Amino acid sequence: MTPLVQSARFREVGPPVLTGLVLLGLWEGTCRLFGIPEFLLPAPSAVARVFATDAPTLLRALLSTLEVTVMAFGLAAVVGTLVAFVFVQSRAVERSLFPYAVMLQVTPVVAIAPLIIILVKDTRLALVACAALVALFPVISNTTLGLRTVDPGLANLFALHKAGPLQTLVRLRIPSALPLFFAGLRISSGLALIGAVVAEFVAGTGGTGSGLAYEILQSGFQLDIPRMFAALFLITAAGVALFLIMAGLTRLALGDWHESERRPER
Amino acid sequence: MTPLVQSARFREVGPPVLTGLVLLGLWEGTCRLFGIPEFLLPAPSAVARVFATDAPTLLRALLSTLEVTVMAFGLAAVVGTLVAFVFVQSRAVERSLFPYAVMLQVTPVVAIAPLIIILVKDTRLALVACAALVALFPVISNTTLGLRTVDPGLANLFALHKAGPLQTLVRLRIPSALPLFFAGLRISSGLALIGAVVAEFVAGTGGTGSGLAYEILQSGFQLDIPRMFAALFLITAAGVALFLIMAGLTRLALGDWHESERRPER
Amino acid sequence: AEKFSYLTSWFAQAEHGGFYEAQAEGLYGKAGIDADIRQGGPQVNAMQLLLAGQVDAVMGYDFQVLNAVEKGLPAVTVATTFQYDLQGLMTHADVKGLGDLKDKTVLIASSSHTTFWPWLKAKYGYTDAQTKAYTFNLQPFFADPNAAQQAYPSSEPFQAQEKGVPANFYLMAADGYPPYGSTIVVTRKTLEERPQVVRAFIKASMQGWRDYMKDPAPGNALIKAANPKMGDAQIAFGIAKLRELHALDGKNGVPIGAMTEARWKATDDYMVGAGLLKPEVDWHKAFTTEFVGDLDARLN
Amino acid sequence: MPVRAAHAGPADRPGDAPPGAPAVEILSADKVFANGARGLAPLSLAVGEGEFVSLIGPSGCGKSTLLSLMANLQQPTDGRVLWWRGGFDAVGREGRRLSLVFQDATLMPWARIAANVRLPLDLAGVPTPQADARVAEALALVGLADRARHYPRQLSGGMRMRASIARALVTEPNLLLMDEPFGALDEFTRNRLDADLAALWWRRRFAAVFVTHSIYEAVFLSTRIVVMAANPGRVFREIDVPEPFPRGDAFRTSAGFADQCRALSVALMEASLASGQGAAA
Amino acid sequence: MPVRAAHAGPADRPGDAPPGAPAVEILSADKVFANGARGLAPLSLAVGEGEFVSLIGPSGCGKSTLLSLMANLQQPTDGRVLWWRGGFDAVGREGRRLSLVFQDATLMPWARIAANVRLPLDLAGVPTPQADARVAEALALVGLADRARHYPRQLSGGMRMRASIARALVTEPNLLLMDEPFGALDEFTRNRLDADLAALWWRRRFAAVFVTHSIYEAVFLSTRIVVMAANPGRVFREIDVPEPFPRGDAFRTSAGFADQCRALSVALMEASLASGQGAAA
C-alpha cells in the first residue's frame, strides 16, 4: 500500500470519489453499449464536452443561483431559529402557531410565487423569498424538537436556580439543540437550493444574469440535453458542496461532545 | 369560566383554532378595507363561496393528490429508513453514498420529470416517484443521525455482549433513533404533499381524475383566483392534517419515555 | 416619452420579433413611447400581472381574455399579431392529419385542457385517457414512436429536424380552430386613460413586424441579448414558418394586427359550445377594433 | 441518646447556636405518581436554619423524592412545602440561596468543568472576577483544581460527582440539599470531604439536608438524623445527635460516636424490616 | 497476613479449589488519552478462574479505565489484554461469558425493567421460557421482583443500579466485571447483596473483578485485593485474603476480618498519599 491510501485524508475523500468514478463509468458504458441517443440520456463524456466549451456561461448562471440560495438559506436559518425560540416558550404558543408553520411548508411555491412576485417588486428578492419559504420548515421543526430535548436533570438544575427563559434558552436549550439544529440546516441547505431553482423556473427570469433554471429550461426546449445535464450536474454539485460545508460546520461545533459526531477513541 | 374552556381537549384545540379565526378575520378585514381586487388576493369569504359551489370537484381532486402523497410518503419512509440502515453500517459506506443522497435531494423534480416519465409508463406511478424523491432526504438524514445518536454506555453494553449488527440495529439504534425518525417523517409528510403537487404541475395529466395542481393551474389560467385559493387551502389543510397525524403517531410511539414528548408530572 | 411595458408570452424568440425590431429601430421612441419589452416564461401568469398593474400590456390569448370577462375583469384585446393561433400538433411521420390520432398518446400541457384539447376532442372524438403531460421538452416524444405532442411551428419541428427525427406538423387553425394568436391585451383603465399611447404602441409594433420580415437582423440582436440561448438557425426557421403560414397577414393579405368581430364571435361560439364559457357572457367586452382600423403595415 | 418518635418538636440545638427558624418545611405532604404508586405517605418535616439533617433509609424509601419536594422539582400530591415560611418565591430573594446535589452528577456535557461549576453564579449574574475566584475555591475544595479545563466525559465517576458538589457549594447556599453526594468516592476522599463539609457548615451554618447510606457519615455530620422506611415512604424515626461542634477526627474514635452509630444501625435495621417487599426483601 | 508487592506470582487459592487458568490477563498495558493525559501506567494483572479480585483506590486512579480494558471497551495504548489466553474473540465461545456492571446503571429508557434485564439473554438467543425464568430469578436476587414492569425512570437510583446488577448476573457469566455496583445502596441492602454475591460466587466460581470503595466489602468478598494509586494509575499493592469460604455473617465479626480491614485501610491510605495531586489532594 502506498502512503496515500493510508492517509486519513484519503480515507475521508477516497470512497465517495471512487464510488462516483464507478458510477460514472457504468453510466458511460451503458450509454455506449446500448447506443442511447444523446438527447435521451447523454453520456458523461458528452456532458464533459459541454463544460469544455460552455463553462463560463454555466458558471455565471451557477453563481447567480448560488447567490439566491445562500441568501435564502441564511434567511431561513435565522427566521426558522427565531420561530423555534418562540415555539418553545410555551406549549400553547406552539400549538397555536405550529399548524401555520406547516401550512407555509406545504404551500407549493409554484402556486404562491406569482403573489410573491407581485408583492416583492425586486425579482431577486422575490426569488430569495420563495426559496427561503421552501427551506424554512426543517429548521423550525428540528430546532423546536432540539430545544425541547433537554436532559431533565439539567432542566431541574436550571429551574432550581431560577434561570429566566432567556438564560435557559441560551445556556441549556441552545447547546442541547445544536445537533438537531445542524441536522435541520443540512436538510434546509439542499432545500434552499432547489427552492432557488424552482423559484427561477416559476419567476421566469431569463437573459443575462439569470440562473441555472434558465439554462435547464432553454437546454430542454432546444434539446441540448448534454447541456441540461451539465447544468443539473452543477446544481447537484453545489448541493453536495453546501451539504459538506454544513457537515463540516457541524463537526466544528459539536465535534467535542456529541455522540453522533464523536469518533471512538483508540 | 365555563367547563368547556377548562377542559383539556379545549386547551389542545382551542388556541390554534382561535389563532386561525383571528388571522382569517384580519385577512377578510384587510381585503374589505383596502378593496383589494379578488384576482390579486381574494377574501376568505370569496374562497368560502367557491367551496359552496365547487366542493365535489375540489374534493375529488384533493383525493387524487392525497393518493399520490400517501403512496409517495410511504415509499420515502421505507426507502429512506432502509438507506439510513445501510449508512450506519459503516462510516465508509456513509461517506461513499451520502453525497449521492444529497444529489437526489437537490435535483429539481422539474428537471428530471421528463426522464421519469419516459422510464415509468404509468403516469400515476411517475407522480409517486417524483414526490417520493422530494420527500426522501429528510428521512434519510434524520434517521441516520438518530441511528448514530446512541447512549455510549448502551453501545458499550451491546458491544460487550457481542450483539450482531442486526441486533444492535433493532434493539438499540432503532429505539434510540425514534424521536429523530419521527421528526424526519413530520418534515417528509409535508414534502411528499408538495412533491405530489409539484409533480402534478410538471408531469400531471389534466382532465378527469387529475389532482389539485391541475385545479390550481386552470384556476390561475382562467384568473379564477378564489378557486385557486380554495385549492391551495385544501392542500395546506391536508398538510396540517398529515402533520397532526404524524405528531399523534410520535406521541403514541414515544410518549412514555422521550423527553421531548413527556409532559411534566404534577 | 411615456413609459409603456409589454410582457410577451415566452422567452424571446422569432414569434416576438416585430416588437424587438421596433425597439431596435427606435420606432417606439419616434412614436413618443419609452417601451419596455419583457419576456415571459412557462409559469408566468401574464394576465394576473396585467390586472395587478405590473405591466401595461401583455401578449394574450383570446380564451383567457374571454374567461377574464366572464369573471368581470377589465381586460381588453386591442390588436393581434398573428391571424391564427400558431398552436398545432407534431406527430411522427406515420400520422397523416389531425384526425389520425385515435390510438396515439398525445402529450399536452395542462393548460391545453381548457384551450384546444376540447376542440380536438369534439372534432375527432378523442378522450382524456390518451393524454400525457408535456414537460416542454422532446425526450418523451422521441422515446415513444406512438406519441404526438403539442407544438409551435417554429420551435419543436425545428428541434426534430435538428435531431434528424422525421416529424409532421399540423396547424389547428388549418382545420378551423378559431382564435387569434399573440394578441395585445391592456386593461380597460389603460384604454380609457391612455388611448393615444396604446394606439401609438400598436402602430409602431406592427411597423416593427413589417420591417422584421424584411430584415430581421436588428430585432434578432435584441432577441439574442434577452435570450442568449436562441440560435440563428432557429430564428431563421421560425421566420420562414411565419412567412409560409401567412401568420401575419392571413390568407388574403390583411394589414398586420387586424382583427374582426366575426372571428371573435366564432371563438365565443366555440367556447360556449365546448362548455368553456358561460353563454351569457358579453363577448364584445373582450376586444375592441377601435385601434386596428387605421393599421396600414403590410407585407409587401 | 435521645430517640424521638416521628413528628416530634424541634431538636435541641447542638453547640452554642440558637435554634433557627425553619428553612424548609414539609407539611403533611404525600406523593402519588402518575402510575398510581405511592412514593411518600403524608409526612411532615422541618429543617431549621443552622441544622444539618441526614436522611437515611433503604433503597427506594423515598429519600430522593422527599429531596425533590424540598427543591420544588416535584409538587406534593397533597400537603404543602414552605421555604423560609413562604412559597418557592422566597428562594433567591434576600440572599436566600438553595443548592442541590443530584444523585448523579448532571453536568452539561458541552461545557468544561469550570463552566459547569460556574453556572449557578452566571445564572445569578455574579460579576466575572468574583465568580472566577469562587469557582477556583470550590474546585480546590473538592480536589479538582487541575481539572478545570476538562470536559465531564474526561473525568472519572467520582470526579464528576465532586464537580457537581463544587457547583452546589459555589453559591454559598443557605439551604443545601445533597443526594448521596459521596457515594461514588473512596473512603479517603470521602472522609476528607466529610471533614471539609463539616467545617464549612460550622463556618457558614447553612441548613443542610443530606441523603446518605453511610451510618458513620450520618452521625459524623448531622445534628439530627431522619430514618425513613419504605412502602409507603415515611419517616420511621428521628434521632438527635447532640454531640458538640466542631467535630474532628477525634470525634470519629470517641465512645459517643460509636454509641450513636450503633443506635442508628439498629434503627436502620428496624426500618428495613418495616419496609416489607419493595425495598430489597 | 501476606502483603505482596505488585506483579507478584499467582495467589494461594482460598478454600479447596485449585488455582485456575487466567480468565483475563493484562500484559504491561497502559492508556494515554486523546488529550495526552496518562490514565494508566503500564501494568500487568491476571485474574484466574475462580478468583474474586477487588480493585480499590482513590477517585480517578484508573479503576474504571482498567475495567473497560478488561471488557474490551477501550484498547490499551500499549501492551495487550488476553481473555482465556486468547483475543476478545474467545469471549462468547465455548460457554465463556463476560458481564459488566457499569458505574452508572445504563438502562434502556424505552424498555421495562424485565426487558432491560433480559437483554443479554435475547442477544445470546436464549429461548423465551428459559429466559423468563432466569430474568425472574435475577430480579428476585436483587429484590426487584415487583418492579419488573416499571420503566427505569420510575425507579429510585439504588433500584436502577440493582436492575443493572441483575442484568449482569442473568447470563451466569464466567467473568464478571463490576464497577462500584453497590455504591448507591443502603447498608442493609448492600450487606444482603454482598452476602448473596459471595454465595453465588462460591456456587459458580466465576472470575470476578470488583471495583469498590468499601474496605469491608473488599475484604468480605475477595480472594485478592488490588490497591491502586493515581498519577499515573498503577497497581500500588496486592493483598491476598486467604480466609476460608464460604464466608458468612460470622466472618464479618471475626478477628481475621478486622485485621485484614486494618491492613487494607493502611495500604489505601498509603496509596492515597502516593497519588499526589489529581486525586483529592
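Just so it is clear, A, B, C, D and E label the chains in written order, and each chain counts residues from 1 on its own.
In this section, contacts are C-beta pairs under 8 Å (C-beta built on N, C-alpha and C of every residue); 3 or more make two chains touch, one makes a residue touch a chain.
Please read these numbers as outputs of a predicted model, since none were measured by experiment.
The chains touching chain B as well as chain D are A, E.
More C-beta pairs in contact connect the chains of A-C than those of the other pair, out of A-D and A-C.
Although chain D and chain E carry the same sequence, what matters here is overlap: shared residue numbers make up over half of all numbers found at their interface. Centre-to-centre separation between chain D and chain E, using Cα means, comes to 29 Å. Annotation: 87 Å between the Cα-based centres of chain C and chain E.
Rounded to a whole number, the gap between the C-alpha centres of chain B and chain E is 51 angstrom. For chain C, the set of residues touching two or more other chains reads 45, 48, 52, 135, 137, 139, 143. Each of residues 40, 110, 114, 118, 151, 201, 220, 228, 258 in chain A touches at least two other chains. Residue positions of chain D touching 2 or more other chains: 33, 104.
If you check the complex, the residues on chain E that touch chain D are 33, 35, 37, 56-60, 62-65, 103-104, 142-143, 145-146, 150, 154-159, 162, 179-180, 183-190, 192-193, 213-215, 265, 268-269, 272, 277-281. Those residues of chain B lying in contact with chain C across their complex are 37, 39-40, 110, 113-115, 117-118, 123, 201-210, 213-214, 217-218, 220-225.
Taken in their complex, chain A has these residues touching chain B: 11-12, 15-16, 18-20, 23, 40-41, 92-93, 95-100, 102-103, 105-112, 114-115, 118, 137-138, 141-142, 145, 148-152, 179-180, 183, 186-187, 190-191, 193-194, 197-198, 201, 213, 216, 220, 228, 232, 235-236, 238-240, 243-244, 258-260, 262. Residue ranges on chain A touching chain D, taken from their complex, read 151, 153-154, 156-163, 167, 171-172, 175, 178, 256-258. The residues of chain D lying in touch with chain A in their complex are 68, 71-73, 91-92, 98-100, 102, 104, 106, 108-111, 119-120, 122-124, 151, 153, 171.
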